[in-house]
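Below are two complexes that have chain A in common, paired first with chain B and then with chain C.
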Partner chain A sequence: MKFNLSKSKLSGYLQSILQIVPTKSTLPILSNILFEALDNKLKISATDLEVSITATFECNVTKKGVAVLPARILFDIIKELPESEITFEGTPSRVEIKVPHGSYKIACASADDFPKLPTVNIKKQISLDRDHLVTMIKKSTFACSTDETRPALNGVLWSTSGDRMNMVATDGHRLAKISVENKKLQGIAEDIIIPPKVLNVIPKFAGESDEEIGIIFGEHNIIFNLGDIILTSRLIEGPYPNYEQVIPAESNKKLIISKEELAGAVRRVSILSNSLTHQVRFAVKNNTLTISTTNADVGGEGKEAIPCDYIGDAIELGYNALYVSDILTKIEGEEVIIELSSAVAAGIVYSPSIPKEEFLCLIMPLRLAE
Partner chain B sequence: MTPFKNIIGQETAKKILLRSYDKNRLASTYLFYGPDGVGKWAVAIALTALVNCLESLKDSDGKTTDACGECANCRQILNLTFGEFYPAIPLPPHKSDSEAIELLNEIIQQKKKEPYSILSSKRQTTISIKTARDIKRKAAIMAPPDTTRVIFFYQMEKMLTSSADSLLKLIEEPPPNTIIILTARDPDNLLATIQSRSQKIAFKPIKPERIEEYLIGRFDLTEKQAGLLARLSEGSIGRAINLIGDDESPVRQVAFLMFKTLIQKDTPSAVATINDLINPRNRGETEQVLLNWQSFLADIIQIKFGKDSKNIINLDLFSELEILSTKFADSNGFSKFVAHFDEFNSSFRLNVHIRPAITALVFNLRKYLNQSS
Partner chain C sequence: MHVDMDAFFAAFETRNMPRLKGKPVIVGGDPRFRSVVSTCSYEAREFGVHSGMPIKKAKQLCPEAVIISGTLRGYVYTSALLQKIFSNYAPKVQPISVDEVVMDITGCFRIFGTVENLVTQMKAQIKKELDISCSVGIAPVRILAKMASGENKPDGLTIIDVDDYKKMFYPRPVDAIWGIGEATKKLLEKIGLYTVGDIAKKTEKELKAYFGKYGTFLYMVSQGRGVSKVHSFEERLDEKSMSHETTLTVDINDIDKIYSTLLWLSDKVSMRLRQGSFLARTISVKIRSSDFETITRDKTVSHPTDQCKLIFETAKKLLPRKYGPSVKVRLLGVKVSNLIENEENRQLSLLEDDVGEKMSASSEAIDSIRNRYGSSAIKLAGTKL
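Coming up: the complex of A and B.
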C-alpha cells in the first residue's frame, strides 16, 4: 500500500472518523481504523458495531492495499504535524508514515479481525434537506429513554402517516414529536426505530447548509450519505409503543406565557427542589402562573409568580423541572403555549409560531405531595 | 483443525448441536452444564462458528460435520474478535467501566490462548447487573442479516439472582437471529425459571487418555507426566493445566512450605504456620495451593509405591519429597489422609470460608498422619 495526501485533508477526515471510534471496547480491534487504498481513492472506515462510518475521497494512490491502524495514535501523530504532504507506505502488518523531516512506523492490527462493514438491502432511498434533518434530530433525540427494560424507547421512531414524516421520542415521562410534510418518504412499509447515537453525530458533520443528505432505508439499518462521509446505523427492534394514545386530543385549559420568563423561573426555583425528583409546583390562577417548591432536606422554599394569558379553571400540577427546562430549549419563539386538562394528564407544550401538528412536546405531571 | 473436531470428548453435546443445526432446530437458549475445564467454552465458540460459518463442512450424506474454521467469520470467531459474539463473564470487583473492559479483555486473551483454562481470581467474581443491562441493550439492536448473534453468559451462577431475573424475558424470547448460551457447573444453582427456559446439555468429565493426549500436544511434558496429571485432574483439562508445575511460581513455593510444615511439624505449629501463610481473601490462590498439595501427594504416592521416578511431577522437589514420604509409615493412615484430602478438595469449591476450612483440614490430616507415624 502506498499513497500520499496533505496533512490537513487527512486530519479533517480522521477527526470525523474519531467520532465513532470507541475509546475503550471489549473488542480492541474497534479502536482501529481500516484504510483501503483503491484506484486514486482512499477509503477509511471505523465502527463501534452499532454505527459505522466510511469516508471516501480522492487521493494519490501509487500502490493499492489495506491496513488497519490504531485510531488515536494515528490521529495524535497527524494532528501534531506541520502542514505538509504525508506519504503512507507499508504492508498489512506495518505502515511507515513519511513526513518531511522524518518517519513514523506503526504496527497494524489484522485486517481479518476488523468487523465486516454492513451491507444493505435497499428498501427505499430519499434525500432530505440537511437543515431540515438536523432540526428534526435536535428536536426529538433529547427525549429518548436510556432504560434498557423498554429497548424500543431507547431510539427515535421515524414513521410516515399520510404525506407527513414524523420523528418521535419518549421516555415515558416526556415526549417529543416533530412532523414535516414529505411525500418522498411515503411507501416506507413499516416504522423504523433509530438509535440516537447516529442521529446525534449527524449535526456535528460540517457541511453546506443547502446540501442534501441522502438516506437509504435498509431492512436492518439506515444509511446517511453526507457526501464524502457515509454513516450507517443498525436499527432497534420494534414495535414502538402506540404513542398517539397518550397525546390528549382535547384540553380545556390553555396557558400562553413568555418562554424566557418561564425558563428562568423554573431554573431558579428548581435549585431548591428535591435532588431526586426535581419536582416544582405549577399553580395557575387568574392569569398568573406561580412556580414553587419546598425542600425539607435543605429546609428551604422558593416561589416566583409570572403573568400569563390563561383560559380555564385554576389548576395545580407538579413537574420535573429538568424536563420542563429541556423542552423549553426546543421551543421556538418568544412565547410558549401549554395546554392542560387535569392534574394527572399530560400537558402539551408548543410554540405559537409552529402549529402543534408540526412540533409538540408532552410532559407528564408528577403527583403532588399534599 | 476445525472447531468441533478440536474439542476433546463431549461427543454427545457435539452430536446434539450438529443434529439440531442440520434440522434447523437449534434452541434459542442453551444451558451447558458440567465441571470446570471440560470444554463448555470451546463448544460455545464452536457453535458460534457453526451458525455463522460461510462454508460449513458436510459428510457424504450431506450432514453437517463442522464449521470450516477458515472463512472470514470462522477466523474472527476463533480469534475471539467476532462482533456478534457478546460474552458476559464474571469479573472481580472493579472501580470503572474501563477497568472492567481491561479485566474482560485479559480473560478473553487467556481463553484464546487456552480455551480449557479455569478462570481464577483473588476476589469473589460476579456478572454485574451492568453487564446484564448492556447485553440487553445490545440485544435490542437488530443483528445484521445473514449473521447469528451469540450471547454468552459464562458461569451464569455467578450472576446475582436479581440481575438474572431481569434477563428472563430475553432468555425466554431472544430477538431474531440470536442464540443465548449459558454455562454453569450445576444447573440447580440457577433460577428454576432460567433452567426451564433453556435446553440443557450435559458436559461430562473427559477420559484421562484424551487429556493426556491434549497435554502432550500443547505443553512440554513427557508421556508419564501428562498421564499423571490427567489422572489427577478428575476429567478436567483445565485442572490438569493448573496442576502443571510452574517451578518459578511463588504460590507453588509457598504451597510447598505449607505442605512441609503440615507433615514435619507438630499439630499446633502446623496450624499456626499454615494459618499465617494462607491468604483468606484470595480464593483463587488457595485453590492453587490445594492443587499443588494434590500434586505433592501424588508424588509421594509414586515415591512410596511407584517403580519409575519418571512419573514424578515435581522433579525439582524430589529429594525433599522423598524425606517427607518417610513420615507415612502406615499405609492405612496414609490412605485415610489421601481420601480425606480428596474429599475436602471437592467440597472446597463450594463456597466455604477459607481460614476455618483450612484449619479443620490441617487438624484432620494431622490426625491421620499421627496414626500413620
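Coming up: the complex of A and C.
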C-alpha cells in the first residue's frame, strides 16, 4: 500500500471519522480505522457496530492495499504535523508515515478482524434539505434515554404523515417533539427509530445550508449520504411508546416568563441542589415564580424570585434543574411559555413565536417531600 | 419506661469476681490486637475511658484497669434472667439490646401504688437476685424515656413529662437527642441549629426540606412527641454503595453461566436496595479473569433504579466481550452506588404505566415471598444455570 495526500485534507477527514470511533469499547478492534487504498481513491472507515462511517475521496495512490491503524494515535500524530504532503507506505502489518523531516511507524491490527460494514437492502430513497434535518436533530436528540431497559427510547422516532415529518425523543422524564413540513415526503409513512449517535454526527459536517442530504431507508439500517461521507446506522426495533397520549390535551395554568431570567435563576439555584436529584422547587403565585432549593450536605439554601405572567391557581412543584436547563436551550425567542395542570403532571414548554404543534417539550416534575 | 443496666458487662464481671469491686474494669477485645472498649465500670469512666474507645488508648488513660475479654454466653444468660424479672412488673416488655428494655407501665404501676414504688421494688429484686444496678427513665413516650434514663446514672430514676423535657433538653446541644451523632450534629450546625431548642423552633416542613423522612423524626423528638423507629440519618449517609461479588468455584468461559451469575448478583443487590428503600444511579461490574487481571466498569443511568432487570441489563452491557469466549472468568461482582432515597425526590415518569410498574410489582411480590419463606424460596429462572 502506498499513497500520499496533504495533512489538512487527511486531518479533516480523520476528525469526522473519530466521532464514530468508540472511546471505551468492549471490543478493542473498534478503536481502529480501516484504510483502503483503491484506484486513485482513498476510503477510510470506522464503526462502533451500531454506526459506521466511510469517507471516500480522491487521493494519489501508487500502490493499492489495506491497513487497520489505531485511530487515536494516528490522529494525534497527524494533528501535530505542520502542513505538508504525507506519504503512507507499508504492508497490512506495519505502516510507515513519511513526513518532510522524519517518519513514524505504526503496527497495524489485522484487517480480517475489522468488522464488515453492513450491506443494505434499499427500500426507499429520498433527499432532504440539510437545514431541515439539522434543526430537527438539534431539537430532539437531547431527550433520548440512555438506559438499557427500553431500547426503543434509546432512539429518536422519525415519523411522517402527509407532508409533515416529526422527530420525537423521550427518556420518560422529558420529551421533545418537532414537526416540519416537507413536500418530498409523500409516500413515506413508515415510522423508524434511529440511534441518536448517528444523528448527532450529521450537524458537525460542514456543508452549505441549501445542500441536500440523501437518505436511504433499509430494512434494518438507515444511510445518510453527505457526499464524500456515508453514515450508516442500525435502526432500533420498535414499537415506540404512544407518545401522543402523554402530551396533555389541556392545562389550566399558563406561565409566560423571560427565558434568559429563568435559565439564569435555575442555573444559579441548582448549584445548591442535591447533587444526585438536582431538585429545585418552583412556586408560582401572583405573577411571581420563586425557584428555591435546600441542601443538607452543604447546609445551603438558595432562592430567587422572577416576575412572570401567570394565569391559574398558585402551584408548587419540583423539577430536575438539568432537565429544565436542557429544554430552555432548545426554545427560541426571548420568552418561554410553560403550561401546567398539577404538581404531578407533565408541563408543556414552548416558545411564543413557534406554535406548539411545531415544537414542544414536556417535562415531568419530581415529587416534592410534603 | 426505659431500663438501662449500668455498665452491664463490667457489672457482670465484677459480680463474678468480687475482687474487682471498686476497681476500674474494662470489657473489650484482646488488647494485643486492634479492639475497642465494649463497656467499662464507672471507676474506669472517671479516667475518661468510654465505650467505643480503642483498648490501647483506654490503657494509656487508665493503666491500672483490669481488661476482660468478656463472655458473651454469660451476658446473654443474665439478660434472660433480667427479662424474667421485668415481666413481673409490666405486661409489655420489649428488649432493645442485651442490657436495655422498654416497658409499658401505663396503668399497671397502680398495682404497686406509685411509679416510684414499682421502680424501687424492681431495682431491689434485680440487686438481690443478680447484684446488678440499673437506671430508669420514665416519660410519656419511649424516646424521651430513653433519654431520661441516661440522666442519673448509675442506679438512677428520672421521671419527666414533656414540659420537664423541654426545660432539661432545649438548652443542650443537638446531640443530646438520642440517635444524633457527630455527622448529623455537624449538618445541623451548618444550618444554624446548635441546641435541641433550636430544632424545636423549626417547622416540620423546613426540617423535611433538608433531611427528608429524618426531618419528621427531628421535628417529633424536638417537640417531645413519640416516633416510630427510623434509621438514623447517619446510617443513611453512610450507605454510599452496595455490592455483591462471588469467586466462582471453577473459572468459567460459558457466557450463559457468566450472565446467570451476573443476574444472581443483580438480584441480591437490587433486593438490598429495596430493603433500604434506596434507588441507585450508578451500576458497576467487576470482573477478574483466571490470570487475575481485574477490571471494573460502571455506568450512570438516568432513571435511578432498584430493579434487578435494569441492573442486570446494564451490567451485562458493561461486560467486555473478550470475557467468555476467549478469557475465563474467576470472579464477578455487581455494585450500585450514588444512592438516593426512594420515597423522597422521586422523579415522576411520563410513561410509567406499563413496564416500570409491572416490574416493581413483581419485585414486591418476590420480596414478600422471600420475607416470609426465606431468600431461597423463590429464584429468578435465569439464575438456575
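Observations, loosely collected:
Heads up, the rule we're going with is that the second predicted complex is superposed on the first by the 349 of 370 C-alpha atoms of A that agree within 3 Å, B and C clash if a C-alpha of one lies under 4 Å from a C-alpha of the other, contacts with A are read in each partner's own complex, and residues count from 1 in each chain.
Criterion: a contact is a pair of C-beta atoms (placed from the backbone, for glycine too) under 8 Å apart; a residue touches a chain by one contact, two chains touch by 3 or more.
Source: prediction; values computed, not measured.
Aligning the shared chain A places chain B and chain C in steric conflict.
When the two structures are aligned on the shared chain, A:314 is found in touch with neither chain B nor chain C. In the superposition on chain A, A:296 makes contact with chain C only, not with chain B. Applying the stated contact rule after C-alpha superposition, one finds that A:107 touches neither chain B nor chain C.
In the superposed pair of complexes, A:367 makes contact with chain C only, with no contact to chain B. In the superposition on chain A, A:115 makes contact with chain B only, while chain C stays out of contact range.
By the touch criterion defined above, A:171 lies against chain C but remains apart from chain B after alignment on the C-alpha atoms of chain A.
Within the superposed three-chain model, A:235 lies in touch with chain B and out of touch with chain C [touch as defined at top].
Once the two complexes are laid over each other on the shared chain, residue contacts for A:246 go to chain C alone; chain B is not touched.
Touch criterion not met for A:271: it reaches neither chain B nor chain C. Residue by residue along chain A, chain B and chain C are tallied for touches, and C comes out ahead.
Within the three-chain superposition, the chain B stretch that clashes with chain C turns out to be 91-99, the only such case among 1-9, 19-27 or 91-99.
The residues of chain A shared by its contacts with chain B and with chain C are 24, 26-28, 148-149. Against chain B, in their complex, chain A makes its touches with residues 23-29, 49-50, 110, 112-113, 115-116, 118-119, 121, 148-149, 151-152, 154, 195, 219-221, 234-237. Those residues of chain A that touch chain C in the shared complex are 24, 26-28, 145-150, 170-175, 241, 246, 274, 276-277, 279, 294-299, 301, 318, 320, 344, 346, 362, 364-370. Those residues of chain C whose C-beta lies close enough to touch chain A in the complex are 187, 189-191, 208-213, 215, 281, 297, 301-304, 307, 309-310, 313-314, 316-322, 338, 340, 343-352, 354-356.
Those residues of chain B whose C-beta lies close enough to touch chain A in the complex are 72, 75-76, 79, 81, 83, 87, 97-98, 101, 104-105, 108, 133-134, 136-137, 139-145, 166, 175-176.
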